[in-house]
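All chains are identified by letter, namely A, B, C, D, E, F and G, in their written order; residue positions are counted from 1 within each chain.
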Amino acid sequence: MLNEFMFILIAVMILVFSVLTVLTRKILRAAVYMLFVLVSTAGLYFMLSYNFLAAVQLTVYAGGIVVLIIFSILLTSHLSERAVMAPFKQSLFSALATLAGATLTLVTILRFSFIPNVGADPNFNITDVGNALVSYNREGYALPFEVVSILLLAAMIGSIVVAKKEPTLRDKEAKTDK
Amino acid sequence: MIQNIPLSYFLVISTAMFFIGIYGFLTRRNLITMLMSVELILNSVNINFVAFNKYLFPQHLQGHFFMLIVIAVAASEAAVAIAIIINIYRNFKSIDVENVDEMKF
Amino acid sequence: MGVSSKKEFEKNDYPIIAEYEGGGIILAQLDALVNWARASSLWPLTFGTRCCAIEMMAAGASRHDFARFGAEVARATPRQADMIIISGSINYKMAPVLRRLYDQMADPKYVIAMGACAVSGGPFYYNSYAIVKGADHVIPVDVYIPGCPPRPEALLYGIMQLQKKIKKMKNFGKVKYQEAKPILTGKPAL
Amino acid sequence: MSEIKEVMFNSDRLATDEYLVNMGPQHPSTHGVLRMLVKLEGEKVLNIQPHIGYIHSGIEKMCEAISYPQIIHLTDRMDYLSAHMNNEAVALCVENALQVEVPERVKYIRTIMDELARLASHQLWWCVMGMDLGALTTFFYGLRDREMILDIFEETCGARLTVNYNLPGGVMFDIHPNFQKRVKDFVTYFRTKLPEYDQLLSGNVIFRERTEGIGHLSLADAIAYGVTGPSGRASGFSNDLRKHQPYSAYPLVKFNEIIDHRCDTLARYEVRMKEMYESLSIIEQLIDNIPEGDYAVKMKSVIKLPEGEFYQRVETARGEFGVYIVSDGKKNPYRVKFRSPGFSNLFALNKMAKGHKIADLVAIMSTLDLVIPDIDR
Amino acid sequence: MKSFIEYIVSIFKGLWTLLIGMKVTGKYFFTPWKNVTQQYPENREKLVMFERFRGEVIMLHNENNEHSCNGCGICEINCPNGSIEIISKSILTADGKKKRIIDQHIYHLGMCTLCNLCVKACPSGALAMGQNFEHAVWDRSLLTKVLNQEGSTIAENVKEE
Amino acid sequence: MGFNFYDFTALTHNIHVGLVEGFSPFMATTLEWVIVGTAYLLFVALFGLLLVYAERKVCAAFQQRLGPMRVGYWGLLQTIADFIKLLMKELIMPRKADRFLYNLAPFIVIIASFLAIAVIPFAPGLQSLDFDIGLFYLTSVSSVGVIGILLAGWSSNNKYSLIGAMRSGAQILSYELSVSLSLLTMIVFAGSMQFSTIVEGQRDGWYLFTGHIPSLVAFIVFLIAGTAETNRGPFDLAEAESELTAGFHTEYSGIKFAFFFLAEYINLFIISAVAATVFLGGWMPLHFGHLEAFNHAMDVIPPLVWFFLKVFGVIFIIMWFKWTFPRLRVDQILTLEWKYLLPINLINILLMAFIVLTKFHF
Amino acid sequence: MESSSLLLFFLAAITLVGAAMVFSSYIPPTSTNAVKFEPYECGIETIGDTWLQYTVGYYLFAILFLIFDVETIFLFPWAVVMRSAGMTGFIEILIFFAILGLGLFYGWKKHALRWE
């Protein structure tokens, strides 16, 4: 009973807030709604008792990406500024297209009956995750682990290069002739 | 797995979220909100990974690690994207896609 | 020799604010509780203009320590402050600023006029063209502390007078707390 | 509204990333009601426009209507931290004009009082400086030690801050019998406390990081802006009037003029810290040999200055303080002008703080040791 | 390499200065009996002002309710900001002469700067500085005082104006 | 229901069993929730008030003063009066502010601290959540709090707030790294993130003592980073009074401001509790390897007392920092984190891993 | 049932804040005047817009933080098993750190770690 209640609560929150995220005209509010979506998703993971994933979701999405997005909104947008939406025709078209896609997918999903693997429901804990992470046999993920570091290195260097770029010629012009 | 909650519920949620994200991506004119829509899409994919892992292969960890990698990719993508967006903003004083057309040089 | 005057410590006990009339005993109790809380936690706005501000600082320092009254949490923003201690002269350029600060404070708010300048213009009463003759021309003042500058103890005494005044206020029942109107008594302005 | 326009015109333009912030009139860091219109780019200070007038009280004009002893009661209230020095400047000016020679005892008393007032002022400056930089405890230690000086003042003069102790021709009361003992107690006590000040603040790595190399004011600029007092001396500008134009008992004592050539905030800080030691030594030299004699010469009940112009300057805790009196022979002066150190020092702020962060602006401002009613009489 | 060593050394030096600072405050924390706080309203009985402390201007009255102010108004002139107002009245003395004596010596405590000039100027020594400092009131009009007590008279030995 | 001051496991278990037996499952859960929720609410409220009082007394003692004295005996009721007063104070809503976000900000800040406090083990059996990822969970939920600060600063339409919010946003973000990395060092040493395991692991000596130099370094780094994370002096430049009046909560009045205030103190408690648990053994009494007599003597003091003693010890040290040091400038804060603490931390983790590898620890 | 307890703490926090805020917005005295709800800026009207395009310096740190944050999520599982993993774990983390350290070093040399 509690389970259903919580699941429905979380599902409703996810859906409502993701709709709000794409519909609201205030950009910062969109970010906050997205935060709610992500936190609810973390709640979903908690319900599945994948605590580690839930915490990861919170750390990276809620504590990292959303903060970064909020930061950039603070830098680029005005408090009273409203996001420009696409013209009505385009929105309508996109809505129809997405609706069509969604219907198609949903029909496919609902027609297929998944057989859950009920028998084996071992509870993972963090040690198993860790062991899989450091081992390099068939079930191990040592290589992805190192590859991730290279990905992160690339992202770090990339963003430093982009962010530390000297102001362009146009920027300087703007400074002088405004 | 959660009692009384079939797997398809999760899939419905993630599908809805995915297409909401797509819709946002199509209709938004602001780079940051577009980025947010992309994050929604990635997030919906994560839900799928996790749910499949839990319901279908509970004794394996593939879903876990796929999700971790997706998150790492999402974070890196967000980092670089934000760096680019702010750079665009600094140069054009605007982050609307329309205005960025003139990014010729 | 001690304090020269033999006057009662508990002076000033004349009714300015009407006694509690009507209403249930519970309201009266609640009133007492709220008034006690307000009186015990007077957070001043960091506001000081002239020499009296130095004595205000001295009152907050180790020797006199108005933290004993719970008043050491000086807030720099008027939104969070409860009282404003006008320590020093207010001139015609400053008066709108003071008024604005006072207006921006959250209710309930109290004002202490510290020193001759804030009470009446003090040393600048007679010949100065710039000074407002008493801060109560600008904002309503609850307690006046004369002296130039008043000793830190005098400020503490003033705070105690303010506490006493707060404890007489009525918040519940029919009468809601109302912003006091400026009372202009004493020597008229030039 | 008009103000906004004025700003729009004054600042060349308001680009997106430059903006104006008001610091003051009610702001904890301005120690009074100075208003500064700060133009910032991010956290970087681009320009500072001090707006004064929020504490203007027309003292110079008021002085034209009152008698000379009454002027002293007003100079008390200008630079209230160096009240005694200000009063002495007026008293000396009147005495010079009347060519009255005050007794030796008065000179000694005045000098000791001067140095005590300087110490009290520097103590207050020290604790406020610490507070501005966020070390809140310094505030309490400084004021704790300052209370001892205030006790000395109160016992002898009758008031703690606005002492009103000088009169033309002497001082108002003779020193209290306890005076010498108290002063000596204080000197020994304070000599033990000063090293503590250093340990708490001066040596602290955060403090040094925040002050070293911040707010550079070159010697030429210091002279051009007329930055006097410890702030000027930290730029290598030798301007100590106690040395260059000694008055009262200063010719009789030995002390060093503290000069530093580093020109930054730390230098200004250290000059003041060292000056405290000098003040202690001056007091020690004088306190035991106060000569006997009158504490005031008898003046006429109505003091009238001869026609003419008179100028007298003294060294207050903040710098050079000058009194310029034009007399037309009546019992009121015709015109009085004060040269206050704070005014000149304040306007060097823009020069010093440009290009630094807002936090540095606060630090620089506190090393200038501004007293707003001194700037804006 | 050299800069690296400097970097390491700077960490330790910095930590050391921080510890020294903490020593100072710590010393005071652990010696609470050295606190200097005077608890004002509690210590009111024992609170002693310095004898020259200027709290307010008072007029000295002797046990017969006599003061020595003859209403000359010198204090009024000497006060820099008009805190004193002398209101005098004419009376007929016993020998039939008209005489102006003090009716009310009005003193505005709210304006007084406690500068001592009036006390110093008074030729008959009628004024003095009182040591009371607890003047805070709710209403400004209470700060205007009449210094000569009700029904008081001029002492015999005061010289006439 | 046996009540044992040394071990609350029986008590909490009995309550649970009693509820489950006496009521329907749904009712039992609800009742349990109400009980636990009320307990935590009371704890947070009272402990917050106590901490504010303690802070005021401690700072007074550092400054040779007395602190609150006149409200209640030795000022004990001071903070209660403050709380009632703040509750009875007008709430101001700036005209151009974004209403929704402006009101949301205190919620986010408080929720983050509440979720974090759930995993703190107070005593054996007195811990409501014992995740296997305890420490990680704690850092992750507390990282959400910064969003509240950013929103508060941005939505109140005030320059000072915006500057303050950006500063503290950058600061809290940066120092979060050091917090989690220094905790990581200890996780490497303990081999677990679960609070109960970590506490149990310190039966023979606290990790601070058994973990060699790396754990000492981690402790110092954690203290510094934790102080910064709670926005307390010398890192309080978000609300640097001398520059920005009150920082991000300049426009907040009354109870909304009180929540920021409260959250600061809950965070202070959380940081100290984590430090006490991870480095100082949590509720575990002070034990030394084989000194049986000594260990038994230490066991006499109940674990709850041990826990709070340690927490107050750490809180005291953090307060000591605040009342001694000048504030850092914003660029210095970032330099300290990125150029000092972060490299030190990374090397420290490697060192710790090496020590664990070579079994070179006690 | 750990996840439901989380909801409990969620609810507790929301109740606390919500109840106090609702109480506080109806009971205490209120007053309005012309300037009460204007932004506070030391008692002077604000000049220009209250919105500032604030320095770009901060967001670079947010980006770096995000990347290191992702790094920590991989470190946590590693740290738990470090004891049992032994040499393998150590070498893996050495490589991991070396690669990331490279990035940090690059940022340091590029002055990305210097706030301006």
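As a working rule, a contact is a pair of C-beta atoms (placed from the backbone, for glycine too) under 8 Å apart; a residue touches a chain by one contact, two chains touch by 3 or more.
Quantities reported herein were computed from a predicted structural model and do not represent experimental measurements.
Engineer: Considering only chains that satisfy the touch condition with subunit C, which of them also satisfy it with subunit G?
Structural biologist: D, F
Engineer: Report the chain whose mean Cα position is at the greatest distance from that of subunit F.
Structural biologist: Using the mean of the C-alpha atoms as each chain's centre, the farthest one from subunit F is E.
Engineer: Weigh C-D against C-E on C-beta contact pairs and write down the one with more.
Structural biologist: Between C-D and C-E, the larger count of C-beta pairs in contact belongs to C-E.
Engineer: Cα centroid separation between subunit B and subunit C, in whole Å?
Structural biologist: Computed value for the inter-centroid distance: 57 Å.
Engineer: Per the centroid of Cα atoms for each chain, what is the distance between subunit A and subunit F, given in Å?
Structural biologist: Measuring from centre to centre gives 28 Å for this pair.
Engineer: For subunit B and subunit E, what's the span in angstrom between their mean Cα positions?
Structural biologist: Using C-alpha averages as centres, the distance is 73 Å.
Engineer: Could you tell me the distance, in whole angstrom, between the mean C-alpha positions of subunit E and subunit F?
Structural biologist: 50
Engineer: Which residues of subunit B are in contact with two or more other chains?
Structural biologist: 68, 71-72, 75-76, 78-79, 82-83, 86, 90, 93
Engineer: Touching two or more other chains, which residues of subunit G qualify?
Structural biologist: Within subunit G, residues 1-2, 4, 6, 28-31, 36, 38, 40-44, 46, 49-56, 58-60, 62-67, 69-70, 72-74, 76, 79-81, 84, 89, 100, 104, 116 contact more than one other chain.
Engineer: Quick check on subunit E: which residues sit in contact with 2+ other chains?
Structural biologist: Residues 18, 21, 24-25, 35-37, 39, 41, 80, 113-115.
Engineer: Under the definition above, what is the set of subunit F residues touching subunit G in their complex?
Structural biologist: Contact set of subunit F toward subunit G: 29, 33, 36-37, 40-41, 44-45, 87-96, 103, 106-107, 110-111, 113-115, 117-118, 128-129, 131, 133, 135-136, 143, 156-160, 162-163, 166-167, 169-170, 173-174, 176-177, 180-181, 184, 187-188, 191-193, 245, 250-251, 254-256, 258-259, 330-331, 334-335, 338-339, 342-343, 346, 349-350, 353-354, 356-357.
Engineer: Report the residues of subunit C in contact with subunit F in the complex, numbered from low to high.
Structural biologist: Those in contact with subunit F are residues 33-34, 36-38, 40-41, 46, 61-62, 65, 67-70, 72-73, 75-77, 79-80, 82, 104, 106-108, 171.
Engineer: Which residues of subunit B touch subunit A in their complex?
Structural biologist: Where subunit B meets subunit A, its residues are 1-13, 15-24, 26-30, 32-33, 35-37, 39-40, 43, 46-47, 50-51, 53-61, 64-65, 67-69, 71-80, 82-87, 89-91, 93, 95-96, 105.
Engineer: So in the complex, the part of subunit E that touches subunit F is made up of which residues?
Structural biologist: 11, 18, 21-22, 24-26, 28-29, 32, 34-37, 39, 41
Engineer: Could you pull out which subunit G residues touch subunit B in their complex?
Structural biologist: It is residues 56, 59-60, 62-63, 66-67, 69-70, 73-74 of subunit G that touch subunit B.
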